[in-house]
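Two complexes follow with subunit A in common, the first pairing it with subunit B and the second with subunit C.
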Partner chain A sequence: MAETTIDIRTASPVRHAAEVYRRSLVAHLRSIVEYPADFWVMASSGALWQILQFAFIAILFANVSAVAGWGYHEMLLLIGFLTLTGGTTAMLCDGVWSIGSMVIKGEIDYRITRPAPVIVQVASTHVGMQAFGEVTLGAAMFVYGWIGAGLSPALIPVALLLLACGLVIEMALMTAMCAVNFWVKGTASIFGFILVDLQENVMRFPLGIYPAAVRVVATFVVPLGFASFVPVQILTSRLSAWWLIGPPVAAAATVAAAALVVRAGLRSYDSAGH
Partner chain B sequence: MTHTLAVDRALAVISLKRRLAYKANWVFAIILGGGAMLSGLALWRNLLGDGTLGGYDWDSMRAYMIIGFFTATLAFGGADWAIADRILDGLIAVDLTKPMDFQRARAAEFVGSMVSTVPTAVVGSAIAWLVFSPPAPVSPLAGALTAVSILFIFPLAFEITYLSVLVCFWTRRYLGIMWAREAVLSFFSGIMVPLALMPAPLQIAAWCLPFPHFTTTPSNIYLGRVDTPGALGLIAAEAAWVVVMWFAGRLVFNHAVKKVTVHGG
Partner chain C sequence: MPILEARSLSKRFRRPDKGSGFKGALKHLVQRKYKNFTAVDAIDLSIEPGESVAYVGPNGAGKSTTVKLLTGILQPTEGTVRVMGRDPHTERIANAHDIGVLFGQRTQLWWDLPVEESLKLLKHMYGVSEADYKARIERFDELLGLGEFMPALARTLSLGQRMRADLACALIHDPKMVYLDEPTIGLDISVKDRLRAFLRQLVDDGTTLLLTSHDLADIEEVCERIVVIDEGRIAYDGPIEQLKAHYITTKAVNLILDGPADAEALAEKFPHYEWSAGEASSEVTATYESSRFTTAEVLGDLTAQLAPRDLSLSEPSIEDVIRRLYAGELTK
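After this line comes the complex of A and B, so read on.
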């Protein structure tokens, strides 16, 4: 099958980077297809986590009627939103988890010499296969919550915009956290794990259950709130439409912050020892 | 076969030292486990108020969450990848030539690595204890029996991990297996949500499995939700699971090891 190619001498830098990213990701997806059992094990484990997450919420609401004023379907919306953005992040930029090992092994050298942004090359080196299960179940929870909460179909474009912003925030924060490994040497992305832990343990509940300091930090310092809690509040009319400006601004800010961290990391990169 | 206790001890010490070399992991484990505990405490504080759910009030839930942190730190802290890598990298071919019992050797290493999580579990629990002042055990005997039930987590965690890692002989990959095991363990142990809040059929299903002994058994004994004969019965059930899963591990291994293909010459 003939593939379209672009001339790197004439293509715009953004288009060129996008094409490199697409090709790299597609190459990885092809390798996944070669090992179907591996894919199904990973996707099933991702789905299992979400099934148990759903069971957890169902058990909780069999015993209580609301969590900080949030009903069953609103909680499903929140967790579904969180799972969709988190799962899609694992699909689209799971390679950033390799920054630590690439720095230690000096494998960034190779990518610096290639004519494409380093972070684009690194991010597209891996696809989190568990995400296929997570996104499927996350979408199911989101849709079920949407219908149960009685949200209007007219809100779908708004939801798509908010999901896109949430995804950008997640990807940018994950990239920035994993890029800390440029300085904190180690194969494990400890700060990446902390971010995932924050998402899975703290952000899956309405921020109203936490002390004010936690709410402020989770919304304005590390703007995870704009990747799930604020969008769902907008969709369920708990916040006014004015808040719609928040997620795009937070997305732009986190992308800028991630770009700064990655650039600074690349400047400090001194390859592996010889 | 010349596998002696001295061999077990040597393997456990090596594994422990390997873990102790990475001291940042202690802080990291406190941050991760502590974060989960704090968010759990915030949730239950909000839900319980001055009332009770499933027989837990705010006082008993504080103790439950801290015990859950302690046991989860032990249960999830073992070097499971070290066993999986031996199978995935083919090192098992070398292990099979050594005068050692493969399962026993891995058990020694795993328990050694679990011991490295004890400082994290103790320090994290002590801080939580000072901050949240949970109630003391219902009696000194209950406290002692809680400690005994927690000791059983060492062999139980190894055996559940070992049985799941053996699946690598067929899947040739471990990450998905690990996540699936951790998901099931988190749910059915009561770490995610106390079993007492689950519908009856789910509770019965959970108690037919070894998982509740990771959090529900120690906390039930500690809080006096079971009397002394009940506590002894739960500990006996833990011991029975240890024996059953040990032999199940041997059975599965004897079957799985036939999948090993040694190349080269």
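After this line comes the complex of A and C, so read on.
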């Protein structure tokens, strides 16, 4: 079996980190085979949860024709978008949820002594299996909503860019929230749960239904709006093309913020057992 | 030039100063008080390439904290560390290529993956070539018997297997400076022997080693130099042989006589030895200064005059010396 090894002394650090990330995730995907029952239970629970959400929207729209001006298919587009980025986040960086327990048990130690970014090593230690169900259902809702809302296929590249930005924002925010556990010494990532809760309950609806203060905070302070609501508004022509600048800028800003939080967290890390 | 140099290295931790019980915890919520705790106190340590250094001390002396400071896991409160001229904390990634680390109490194996997968992930992380990787795995298999559990999941390994696999992980990139924090903890004698033989080989091959252990056999068999730390400070730093020569100044002859032995009477008869009674009434021990008498002289003297039924020689072990160092009886 011929495998290529990157010469890490000459390769760029980013490329090396990406390679470490990829290999670690692939190794964990392979290890999922070790627990097939686990995989199916988790994946179907993820899918079931999304089916419930879908049923909720279907029942809602059986009684009303629009929510804050959003029709049935547009709502599915929004929820599909959110579920796709959320599910992919759980697939790609579920390991950040264990920052809390790793800090308490001193399991960051070895990762500091290895030649790859610590957060890359931590984030890739787990693959959220429920995400397989979520991503499947999310994609189905997104495509169904897309067709039902009559969006042009010409918008597909734009949608892919927006999905990528949404994913980056979601991953960066999740990392920053879970990294709070560098200071809050506990195994449960409370801030991570808050983020998931916001995504699943608040961001599922058009922000128009909320008071102005909530809209501003959710768009510009915690830029969740740029991870789903603004992109879908762009796709459904509610916002002008100028808004396309927003998601990449928000993505860059959240990545920078997450990097700062993680860096500060690592500085304050004092291991376990002296 | 030393491969590792620490200068006035200190680490203080801030610990919450809570009163006892629920009341204390409540009070701490409102009125936060902290105590500073000095784990490592102005340590100077310099290690030359190829040296094998034992770093010993009682529990809580600051051994692990020192290792974490030297490996860049912790940032020093004061002082500096240089490993091959680099600061391990700020130049973390460059430093990582040159060091290998093992914490005996923890594993670095990926828990749900086969041992082989963990090693392969590390191979790629360190950028080890396929040829080097194969050669090293072969060597580890030969010396540590790695092959038998390469396909096993890390969580199914016995402690001895886990430690051997972890050692392979720490050395897969052929590091120049290796830190082993209690590599034999909890292992049975045969695995310990195997590990020590492996470490000796490592030292013979020129790897620089810093080893902490409570097992003094590890230290005597693997290391030439010993650094004793107590309460965050270095209590002794020098060759093990010198520690023995310096502190082991007496030897003893244990005698079993035909009749009851009277230590006091013997002390009058042989005043240049120190006498103490043994466990049984016929047993007695004569202690003499090894700089004044040779063992042959003492034996000749005693056997001629006392005609003992049996006798044995004993000298204080390195263990005794270190026990006395810990107890503060000896100072540098």
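Quick notes on this one:
Just so it is clear, the second predicted complex is superposed on the first by the 270 of 274 C-alpha atoms of A that agree within 3 Å, B and C clash if a C-alpha of one lies under 4 Å from a C-alpha of the other, contacts with A are read in each partner's own complex, and residues count from 1 in each chain.
Throughout what follows, a residue touches a chain if its C-beta (ideal position, glycine included) is under 8 Å from a C-beta of that chain, and two chains touch if they have at least 3 such contacts.
Bear in mind the structure is a predicted one, so any value in this text is a computation, not a measurement.
In the superposed model, A:I190 lies in contact with subunit B only, and not with subunit C.
Within the superposed three-chain model, A:L48 lies in touch with subunit B and out of touch with subunit C [touch as defined at top].
Looking at the shared chain after the overlay, A:N63 reaches subunit B, while subunit C stays out of its contact range.
Interface of subunit A with subunit B (complex): residues 37-38, 41-42, 44-46, 48-49, 52, 55-56, 59-60, 62-64, 67-68, 129-130, 186, 190, 193-194, 197-198, 201-202, 205, 208-211, 214. Considering their complex, residues 3, 5-9, 11, 13, 16, 19-20, 23-24, 27-28, 30-31, 34, 105-110, 112-116, 125, 267, 269-271, 273-274 of subunit A touch subunit C. Interface residues of subunit B, counted against subunit A in their complex, comprise 24, 28, 31-32, 35-36, 39-40, 42-43, 45-47, 53-54, 171-173, 175-177, 179-180, 183-184, 186-187, 192-193, 197-199, 202. Residues 13, 39, 60, 62, 64-65, 68, 71-75, 92-94, 96-97, 99, 101, 103, 105-106, 108, 110, 112-113, 117, 120-130, 153 of subunit C are the ones that touch subunit A when the two sit in their complex.
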